[in-house]
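Let me give you the structure first, and then I'll get to my questions.
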C-alpha cells in the first residue's frame, strides 16, 4: 500500500512538474491574448530584457482572448505565488483596476505598459501615445493624397482605449485638412477578415476612395486585400509596425505604419521593474516617440524581434 | 332491477380536426365490476378514457356521478370523483423514486412553507405498496425497475388517489404469465373492495376470463354492451371488426423444410443468455417461446448482430457472421423488432423512406440514390403487402398499427432477406389484422424464406410454428417438434416447477 | 365522412410541408432584399450581389458540413477552432514548401482528421457531441496557440490567392466553390445511399441500426466531412486575407450554426437540406452587408442576428403546424 | 460511507462520478508539485473565483435536466451587470440597482420560457437568439465602454468577509443549498425531474408543463441576475464582454459533473464538483506557470476525460 502511494506520487509529480521557479528574481508579465502579434512582440521584449538583466519572466495570458474575468483570476493566482514584480497590460483599462488594487495590497511592485490603467499605483507607465501616433500617421496619408479626397476609417474593437485614442488622432488630422471628406468610420474589431468584409461592403457604396486609415496593421492588410480584389487603388496606413506591415511598406502596398513598438515597451517595462527591485531610480513615465515607418526608414524594422537587442532606458529617455 | 351506476357518461362526442373520434357514446360503470372495453385500434377507446380522466374535453355529452349530473373539465375534477388511469405508456419519471412517482402532483407539504415532506411521502408510499402486497423500498428510483414492477407502481399511484374507478389500458401487454396472474389476483382483490375497473384489452381470453360486462366500440360509436356468458369470441370479434373474421388462423400446408439457414452454436452474451443452440431451415417457421424476460429478445438481437456476444458461433447459410447489423442485413437476415415505433420505424419519415431503408444497398449498388427507382420499389411493396396508405410521402406515424408492421416487414423485402426474425409480430395489432400478418409470414416461407418467431402468446406459437424452442432464464430448456407443440407443453417447459 | 377523402386532404398538406418551408424562406429573402433595395440604391447592383455571394461562401462552406452533422441530431462546436488550426498548418506548409497544392491538401486533411477525431469521441467513446466537440474546441485552440506563438504567417503565392480573391468570367472564385459544394452537398444528402442513411440516423438511430445501417461509421463519416469542409473553408479564408493568425476562426462557429438553423434544418435531426443552409448563410450575410452599406452602428449586429434566428425558426414552427 | 441525507434518486446509480476521480487526481497532483497550492489562502482563492461560474452552472443543471439549454445566460449576466452599474450610478441606490439586475434576469428568463413553452421554439435556438439580443443591448447601452464609478459598497460584496469567509463563497454556498432544496425538497424540483423524464406524467397529474418550463428559465434568468451582482462587484465595473462564453463554461461544468442531457438524470453535487475541478485546474496550471496555450488544451482534455470516465462506468 505504501509503495503504491509512493509510486502514485511519483507519477503525479512527473505529470504535473512544470517549469519550477528558480531562486532568482521572477517577474510576472500579463498580456491580453495569444493571437495578436503585438503582444507576442511585448513578450519577446520582456524576455530579451530579462535575459540581459539576469531575471526570470513568466508569461500570463488569458486562455480566452481578452477575457476580463480570466485576467483577474490570473492576477489572484499570481498573488498567491508572490513574484518579485509584475509587468501589466490590462485587458481593459477600467475593468482591471480592482486587479491592480489587489496587487498593490499584496505589496508587489507593478509596472504598467501599453494601456494606461485608470487606477491603482504603479512604479511607472511605459507606453506610446496612441493619439499622437494616430495623428502623425494619418497626417502622413493625408499629405500623400494631396490634402483632398475621400477617406475611410477602420476602427478597432468598440470602446477599447487603443481604438478610441487612435481614431481620435485620425479625426484630428482630418480636421486639419478640410478638403478631405470622411466617407465612413466603421469598426472592424482589429481583425483582418472583418476589415476585408467591411471594406468590400463599403466599396459598394463608395465608387471613389483615396485613402484608408486603419487603427492597426491587420485591418490595413485586410483593406489592401479588399482593394486588390476589386482592382481598385487607394493609399492605406496602419499602426503597430508589425513584420508584415514592414514587408508591405517595402513592396509599396502599404503607405506607412505608426510604430507602436511592443518590443521596446516590453524591454523598458521589464528594465524599470528590475531597477525598481534593485532600489535604483526609475522614471514615473516613459512615452515612446511617435514614429511613422514608411519607405524611407523601414530598414531597421526588418530584423525579426527575436534577434533584436533591447535599448537601454537611458537611450529611450534621452532620445 | 335498476342499479344506479357509480359513474356514467352519456352522449359523448369528440371531434379532432378532420376526424370524428367519438360520436354519441354512452358508457356506465358499476361498483365492484370489471368492465371490458374492446374495439380495434382507432375505435375511440383511448379518447373516451382520456375524456373520462379529464385529459380531453368532450365536445358534447354529460357525466353522472352516482346519478348526479357533474362536469369534468380537467384531471383534478376527474380525480375528485376517484377516477384514475393506468396508461399503456407509463407516466413514470425515471429519475424520481417510487414514492415521489406515486405522489407526483400530490406531494405532502412540510411545515416549512413551499417544501415537501419527503418522509411522509415515503411512509405513505410504503403503506400503499403494502396494501397491494408489493414489497419494495419506496426510495428506489424508478429507472431501475422492470416493466412489471413499474406497472405495480402505476397501480399503487392510482390507488393512493383513493380511486373508485380504475382504468387499465392493456395492462398485460408487457407482462409474463406469472406477472399476469399476480395482476389478476390483485384485480380480484380490488373488486372485492368495491373498486370499479375499466379494462381495455385486445386479448379475447382475458376479456372472457376477467370481464363482468363488455362494451364494444367501433369507429367512435357504441356497438354493443354484452355479458360474457351470453356471447362467444367469434361474435365479439365480428362486432369489433364489423365483419365476420376467422380468429383461429388455420395454417396452410407447408413445404418440407430445406437446407439449414441459421445455425447457432453455444451462443452466450452479456445481455443475459448463455449456451444457446438453435437451427432454422428454409421454409419453416420456428418459434422461440418463454416468459417475458427469459432472454428471447436478447438472443434475437445477438443473432442479428445488434448486441455483443461473448462466446459461441452464428452461421447464416453456412457462413459465420456476428457483431454487425450491416453484415447481417447484407447477407439476407432481417429483424422485425418488438417495439416497432421506437425500433422498427423512423416515425417522422415517410412511408416510402421507411420501406426502402433496409434495402438501400441492394436497390442502389452504385451508392447513388434515385428517388424514382426508390418510389417504384416502395410502391411495389405497398401493393404486394396491401399496405393501406394514400401516398408514399405520408409520415409513417399516421398509419395504423397493422400497416406500420407491414412497413417494417416490407423494408426487408427490398433487402432480399431470406431469414427473418419476428419479435412479437402481433403486439398491439387489431384482431382483424393479425390474420393478415400470419398470412404474410406464411407467404414468406412459401417463397423459401426461414423465420424465427418470438411470441408471448403460446396459442400463436402453436398455430403458426413448425416447431419451437422454449427459453427460461436465458437458456433454451427444450425443443418441441410439431407433434409436441401444445400450449401445455410450452407452459410446462417455460415455467420452472 | 369518407375516410379516403379525409386522408387525401391531409396528405396533400403533409406533402406541402417542405415546399411551404422553402417558400417561406425564399419569401423572407425576397422581402429582405426588397426592403434593403429601397433603403440603399447600391444594394441591388451586380457588384454588390456578387460581393454578398462571395462573403457568404465562407459561412456556407462551414455550415454545409455542419448541416450533415445537425441532420444526425449532433452538433460540432469545434469547427471554428478547426478552421484556425487547419488554416495555420496549411499556411506554414505553403510557406515552407511553396506549393499551394500541398498546402491545400494539408488544410483539408487536417480538417478531416480533426473531424475524424470528433467522430471517434462521439461514437466509440459515446460522449455527447455537444460536449465532445466543445472539449475538442479547447484542445485545438491550445494547439493552435502553441504552434503560432502569437505570430502571423502571411504572403502566399498569387496562384493560391486566386482561390479567394480571383475572378472567373467576372464572378469571384469563392462563389464557384460555393456552388460546386452546394451541388456536391445537395447530391450527397439527397442522391446517395449514404445521404439517405444519414437522414434515417437523424430520424431514429435505433431503427437505422436495426435496419442494417452502420450507424457508427456513418457518424464518423459525417463528422469527418464536417471537419474537411472546415478545412476547405480555412483555405478560402487564407486565400482571401493572405495570412494566418491564431484567432482566425474564433467568431465563426456560432454564425455557422445560426446559418444552418435559419436554413431550416432541425436540431432534432432527420430534417433539413443543404440548399436551405445556403439560404440561411445568404440571409445572415445580407444583414451584415446592409448594415455596412447603411452605416448602422455595429452594436446592433448581434441583436439583429438574434432576432432573425428567432423569427426564422418561429416561422418554421408555424409552417409545420399548419402543415399538420 | 454514510449515505444519510442523500436520496438515492439524487445519485445517478449507473455512473460512479468521473468528476470526483478527476478532482482528486488534480488536487493530489497540484498539492504535490506546487507548494502554494494547498494553502488556505489559495483554496479560498479558488473557491472565490469559482463562485460566479457556480451561480450560472446551478440553474444550468436544472435547465439541462429538463432536456433544455440556456445559451443566453452569460450574455444576460453581462447585460444585467451593465444595468446594475448604470442604475447604481444614476440613482446611488445599490438596492434599486440590484433589483434592476434581477429585473433584467427575470425579463430574459421569462422571454426564454415563453418562447420555449408557448411558441414551441427549441431551447437551443431560443437562447441563441436571446443571447444575440442581450449582447446587442449590452453593446448599445455602453457603446463598448466599461461602466465605471460604482460606489465601494458594491465592491464590498465581493471583497468583504464574514467570520473570515469571503462573501462570494457564502453567497455561492447559499445559492447551492437553495438550489439543492429547490431540486430535492420542493414540488418545483420534483417537477423538474418530470419535465426531463416524462412530461406526460406531469400532464396527467394535472400540472401545467408550460408553467413549469417558464419557471425553470425564470430561475435561470434570476440566477444570472445574482451572478451579475457578484461580477459587477468583482470588476468594480461593468463591461459588455465580461460574461461572453460563460454559458459554455457552465454547460461544460454541468456535463463534467455527470448530469446527462437526457431523461432528467441530473446531479447537483456533481455540478459543484465540476465547477471546482475547472477552477482547480486553471489555478494549479497558473501556479505551475504552465504556458497559456497548454492550459487551453488542458481544459479541453479535462472535459473529455471526465466524460470518458463516466461513459466507461455507464457501459458496465
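All chains are identified by letter, namely A, B, C and D, in their written order; residue positions are counted from 1 within each chain.
Throughout what follows, a contact is a pair of C-beta atoms (placed from the backbone, for glycine too) under 8 Å apart; a residue touches a chain by one contact, two chains touch by 3 or more.
No experiment lies behind these values; they were computed from the predicted model shown.
Under the contact definition stated at the top, the chains bordering both chain B and chain C are D. Centroid analysis (C-alpha atoms only) places B farthest from chain C.
Taking A-C and C-D together, the pair of chains sharing more C-beta contacts is C-D. For the pair chain A and chain C, the distance between mean C-alpha positions equals 34 Å.
Averaging C-alpha coordinates per chain places the centre of chain C 30 Å away from that of chain D. Distance from the chain B centre to the chain D centre is 43 Å, each centre being the mean of its Cα atoms. Once the centre of each chain is set as its mean CA position, chain A and chain B turn out to be 70 Å apart.
Within chain B, contacts with two or more other chains are made by no residue at all.
Counting partner chains per residue, chain C has residues 138, 141-142, 145, 149, 299 touching two or more of them. Chain contacts: chain D has residues 139, 143-144, 291-293, 295-296, 299 touching two or more partner chains. Chains touching one another form the pairs A-C, A-D, B-C, B-D, C-D. Put simply, chain C touches chain D in their complex at residues 77, 121, 125-128, 130-132, 134-146, 149, 254, 257-258, 261, 266-268, 297, 299-307, 309-310, 313-314, 317. Put simply, chain B touches chain D in their complex at residues 53-55, 74-76, 79, 85, 87, 89-97, 100-101, 104-107, 110, 114-116, 118, 139-141, 143-144. Interface residues of chain B, counted against chain C in their complex, comprise 18-20, 304, 306, 324-326, 328-330, 335, 337, 342-349, 353, 356-358, 360-361, 364, 367-371, 390-391, 393-395, 398, 411, 415.
Residues 25, 28-30, 32-34, 36, 39, 41-42, 45, 48-49, 52, 139, 142-146, 148, 155, 159, 231, 234-237, 239-246, 282-293, 295-296, 299 of chain D are the ones that touch chain A when the two sit in their complex.
The touching residues of chain C, counted against chain B in their complex, run 1, 4, 6-11, 14-15, 190-197, 199-200, 203-204, 206-214, 270-271.
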